[in-house]
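Chain lettering (A, B and C) follows the sequence in which the chains are written, and residue indices restart at 1 in each chain.
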Amino acid sequence: MGLSLISLFLLSVMVFIGGQVLPGNVGRAILGPLADQQAVDVLNESLGLNRPLLVQYGSWIWNFIQGDMGTSYVFRAPVSGFIVDALGNSLKLALVAFLMVVPVGILGGVVAALNVDRPLDRIISIGGLSMTVLPEFVTGIVLVLILGIWLGWLPISAAWPSDAGFFTQLYYLILPALPLFLSLFGYIARMTRSGMVEALDSDYTRTAVLKGLPWRTVVWRHVLRNALLPTITVVATQAGYLIGGLVVIETLFRYQGIGSLVYTAASGKDFPMLQAGVLTIGIVYTVATLVADILYSLLNPRIRLRADQ
Amino acid sequence: MTDIAANALQLDNLSVAYRVGRRDRAVLRDLSFTIARGEAYGLVGESGCGKSTVALSVVRYLPRNGKVASGTISLDGQDVMRLGPEALRRTRAERVAMVYQDPGKALNPSIRIGRQLTEVFELGGLSGQAATDRALAMLNRVRISDPAGVMQRYPHQLSGGMQQRVAIAMALAKDPSTLILDEPTTGLDATVEAEVLDLIAELRRGLSASILFISHNLAVVSRMCDRVGVLYAGILVEEGPTDVVFNDPRHPYTVALLRCLPRGDQRKDQGRLDTIPGYLPSIGATIKGCAFAERCALATDLCHTTPPPLHDLGGRLARCHYHERAQELPRATPARVEFAMPPAGQSEAVLRVDGLNKTYHGHGHALRAVKDLSLDLRRGQTLGLVGESGSGKTTFARLLLGLVSPDQGGHIELDGKALAPRLGDRTDAEIKALQIVFQNPDSALNRSHSIRHLLSRALKRLAGLRGRQLQDRLDELVRSVRLTERHLVVKPRQLSGGLKQRVAIARAFAGDPRIVVCDEPTSALDVSVQAAILNLLADLQSKQDASYIFISHDLAVVRYLSDRIAVLYLGRIMELGPSEEVFAGPHHPYTEALLSAAPSLDRRENTRIRLDGEIPSAANPPGGCVFHTRCPRKVGAICETTEPPLAEAQDGHGIRCHIPYAELARLQRAGAARPARETSLPAAHPALAER
Amino acid sequence: MSAIEHPASTTALDTTAPRGAWGDTLHSLSRSGTFLVGSTIVLFWIACAIFGQHFTPYDPLASDILNSLAPPSGEHWFGTDQLGRDVFSRVIVGSRDILTVAPLATLLATIAGTTLGLLTGYFRGILDEIVSRFLEAFMAIPVVIKALLIIVAIGTSKLTVIIVIGIAFTPIIARTVRSAVLAERELDYVAAAQLRHESAFHTMFVEILPNVLPPILVETTVRLGYAIFAVATLSFLGFGIQPPSPDWALSISTNYGLIGGGYWWTVLFDGFAIASVVVGVNLVADGVHGAFND
């Protein structure tokens, strides 16, 4: 918990450096090389960029904690409103992708492990891992071509009609979620597989088999319980990454999420928006990791009960 | 199903192979033996002989690359190899059970003990309360004092001894007709091992199960089993009643193996241990004649060309062409000592340790690993350190070497000069004076470097040699540990365990050390290799006049090499004195317990001092005398309140006990007359008595 | 001493390991199907990057407005793009930039990460605590987002992309190396080195480093795949390789708006090219991983 706070602090410092220190002259960066020096100075002044860095950081982070993420250079409106909406949208998309990939990924890993070193295992392992390293824009475009354009089964844009109900929204989110599915499947399947293989080769599995328990009971009661523990961490970590890793998908499908927000801000050199977006993504990731750690220690008696001894 | 088969377990011409690198490598070759109902059969052999493969074949749990090439295995007359999946499951559920090494791994870490036990009974048709009741009863039977509490625990909350009892309870829960014990006490502390062995022996009386007991430890097998089979390279070379085989072996391998063991009265100044030359055939090697012929001094042309049959010698078997002459096997290593030892007790002290303490701080509480330790070591002598886990012996070694820093106040003196506690503050001369041979050469030798590099580096840094001088000294060093030029070019992993340990010893001796700490240097090695290493250490010591701090849990090994012995318990010296006095007694009750716990081939003891309970945690040692919680000779309240001093009972022999020396002498001379608790061994099995 | 004490028998040496660790690894690599297939693909694209321009039927950069968006035909195997440039020729040489930028970024990350991992794993203590916190915080932001932030701040160029991706991957490699070093540090050969008064530098780089090379090598090949992924993604977003490079991701970025109009060939072949490279690298990584963990 305390470590997460330290991480968040360091994170904010890095984001601050990236957004406010590295660009050097922000006013110049925004207005471009041809702008009048006076205009640049005025802009810097109005943005409070000529104060000492420490003061700038202090007021930025203090405002951020209070929910004031600054004002967008481009939209001339508070950043926080954009962030909240975008985060909500991204969570929706991530959730859809997750509900698809977690069960299938775990199943894939389990099936691979139960057939270890056989062709089915090789197909799942290598195929899954190859999908993981494919950039989402590549899988996205191929899927759009096949499912959206050639077959016409799914809408190629995630921008659903404004009166869309739950199922319509879901329908619109399937195609954007598919590339995410492909990129996560390999990860989750691989972690599950290695956890499973380790558990299957363990002495306690041997004990369970030699007790004469039916294979089903051995797998369900003895193997899965231990095998899935490491998977939990991976799943939660990936959840964090997923939400931040949506830049490409959201851009490709014109979806108003946090990823496309960051992309738009980056393209428009809208530093307050960019900083707020990146910091939000970092916070989501840190929280997801924390949740994973807590979940892991709750489910693992060796950690849970250490305090008793 | 009716059990009409006379034998609980019968193996006929079993051959098993492992597929490694696209080639089948034979592990078991034509192995046959039978175990009668209620009989305990021991299978002994060195690592790589295929012992565990036998066990795994019987329960059909070979690794994925292993397969039974030919032969049959029958359990209660049923061919195990022909069972379908469901029949196999039922056989495992009803007929055969197995307990193996490392109980911490054998129990499921995320399921409570209770659940892991009740599921066995549920398999037998019981449910709910009935299963729980049976589980409780079973835990009681394996003498777990708080069964209900233990049921609620997870495996990691139990000590190793408790875990193994639970594993035994689980195995016996189904009342199997065959129980396989594969190194069930290996890795446990001596006193805990003794308890578990007692338990197994006791349970046998109430059980009908036959036992297949697999162990590398001949003494344990001799104590536990009616009959024994000796396995060499996957071949059964000798079989017979345990005491007959061990007292009158008829195969040269058995003969040689028994000679490698340091026996009670053998000492380094009286002679060297015998060794077995050469090496075990590698797994899957083609064997033309007798598997042991390469290493056998009795072997003739016949042995190299014709595999000997298993000769039936009336109630016993031996696979040797010359079984009648087996005991004439000449020694591989002469017993004669080449260098005269300096007369004991006369040399000056090279090392003095005074009031050394080490406390580890972690997670809120302090752990006193070493408490108030004082001793000295004389030139050319060996100080043996004996103790179980948590005794602080390894911490002490690391303190001496400067690898960990002691608490304030302690004092180490090397050759009369104070030695800085931290390694970084020591001079190069001090560094090279104190070296170590680690327990595990795989860990101690950098696997990326060739042997030549490993030794040259040590010579360069420790002896300050360069160029030609270094080469000459390297040759000399290599010869002194009986390695050859060929070994220099390889990496450690291409050498066997014994050769690796020789390299480690050579490295420790590179800078002509004054003191070498030997931290369990032979505990990872087979007995035949161990003997050679002990001989080497003894030779080097007498040649180089080096002093040893020799750490071991094996009393016979310590006794062979040590001039003085310190017995440690929870970081304290409980007894310190000349080796022979410590062994002969009177000794500290803990030493007494350790000695009686150690299984030995020589002593067919009737009485045993059994220690109750587990070794307390060093983080939370008992008050008063730390041993009082387990002491069979506890005298009263004083033991719980006051820690006794290390009183000098006789010249140079100290005992940390409230009982006066004379009283200890009287109590222990009375021997088994009335120790606080004693148990007698179960009578020999009826099957054996009938012979 | 008696002659038989000399271990003269050949079985003294473990005959199953005649080649030594690295020899074994090479041997099992040469028999690993995934490694062979993967390295063939990767070598093909490297060859295309180096010699490709001599073999392309058209100049990859030459536009032919009259012939724009022509579908695949005998004349233009993969069709032409909006400017009438030959897609086939562009795909063949499209690997040039990404196959320079990604490996250099990976190399940078490997060197920096290995050094950092060795230092933190060896010295542990407060240095490790501080550095690990920083790396952890740094890793909380996905690579592409991190890269976006920095590139927006300092402007893009190939060198920037190399440095940014290199820095972004450094903590990941550092973490792998650190955990390997922590395990090595517990081994007694490190204590043995201390008992020879070896310097920290010697212990880290001569004693420990050779033993952690296998995980470093595996991590590096895996990272190379992700570096290609990251560079391609940045280029797709317009923050990586800049026009007029025939880079695959850049081509997709410029043309993907056209797929609604049915001009699939302007993106699909580039997509397949990227896919084949990353999958190829990944197969190599899988082979290397397998060879070290057999």
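Note that in this section a contact is a pair of C-beta atoms (placed from the backbone, for glycine too) under 8 Å apart; a residue touches a chain by one contact, two chains touch by 3 or more.
Since the model is a prediction, treat every value here as computed from it, not as a measurement.
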item	value
Chain contact topology (line, ring, star, complete or other)	complete
Most distant chain from chain C, judged by the mean position of its C-alpha atoms	B
Pair with more cross-chain C-beta pairs in contact, given A-B and B-C	B-C
Rounded Å distance, chain A centre to chain C centre (Cα mean)	22
Averaged-CA centre spacing for the pair chain B and chain A, given as whole angstrom	52
Between chain B and chain C, centroid-to-centroid distance (C-alpha), Å	48
Residues within chain A bordering two or more other chains	none
List of chain C residues in touch with chain A within their complex	34, 133-134, 136-138, 140-142, 144-146, 148-154, 225-226, 228-229, 232-233, 236-239, 249, 252-253, 256, 259-260, 262, 264, 267-268, 271, 274-275, 278-279, 281-283, 286
Residue numbers on chain A that touch chain C, as the complex places them	3, 6-11, 14-15, 18-19, 22-23, 29, 125-126, 129-130, 132-138, 141-142, 144-145, 149, 156, 240-241, 244-245, 247-248, 251-252, 259, 262-263, 266-267, 269, 274-275, 278, 281-282, 285-286, 289
Contact set on chain C toward chain B in their complex	1-2, 4-9, 11-18, 20-21, 187-189, 191-192, 194-198, 207, 210-211
Of all residues in chain B, those that touch chain C in their complex	20-21, 275, 277-282, 285, 294, 297, 332-334, 401, 403, 423, 428, 431, 434-436, 438, 440, 443-449, 457-458, 461-462, 482-484, 486-487, 490-491, 493-496, 499, 507, 532
Footprint of chain A on chain B - complex, ascending	59, 61, 64, 85, 89-94, 96-98, 100, 102, 105-111, 119-120, 123, 154, 156-157, 167, 170, 174
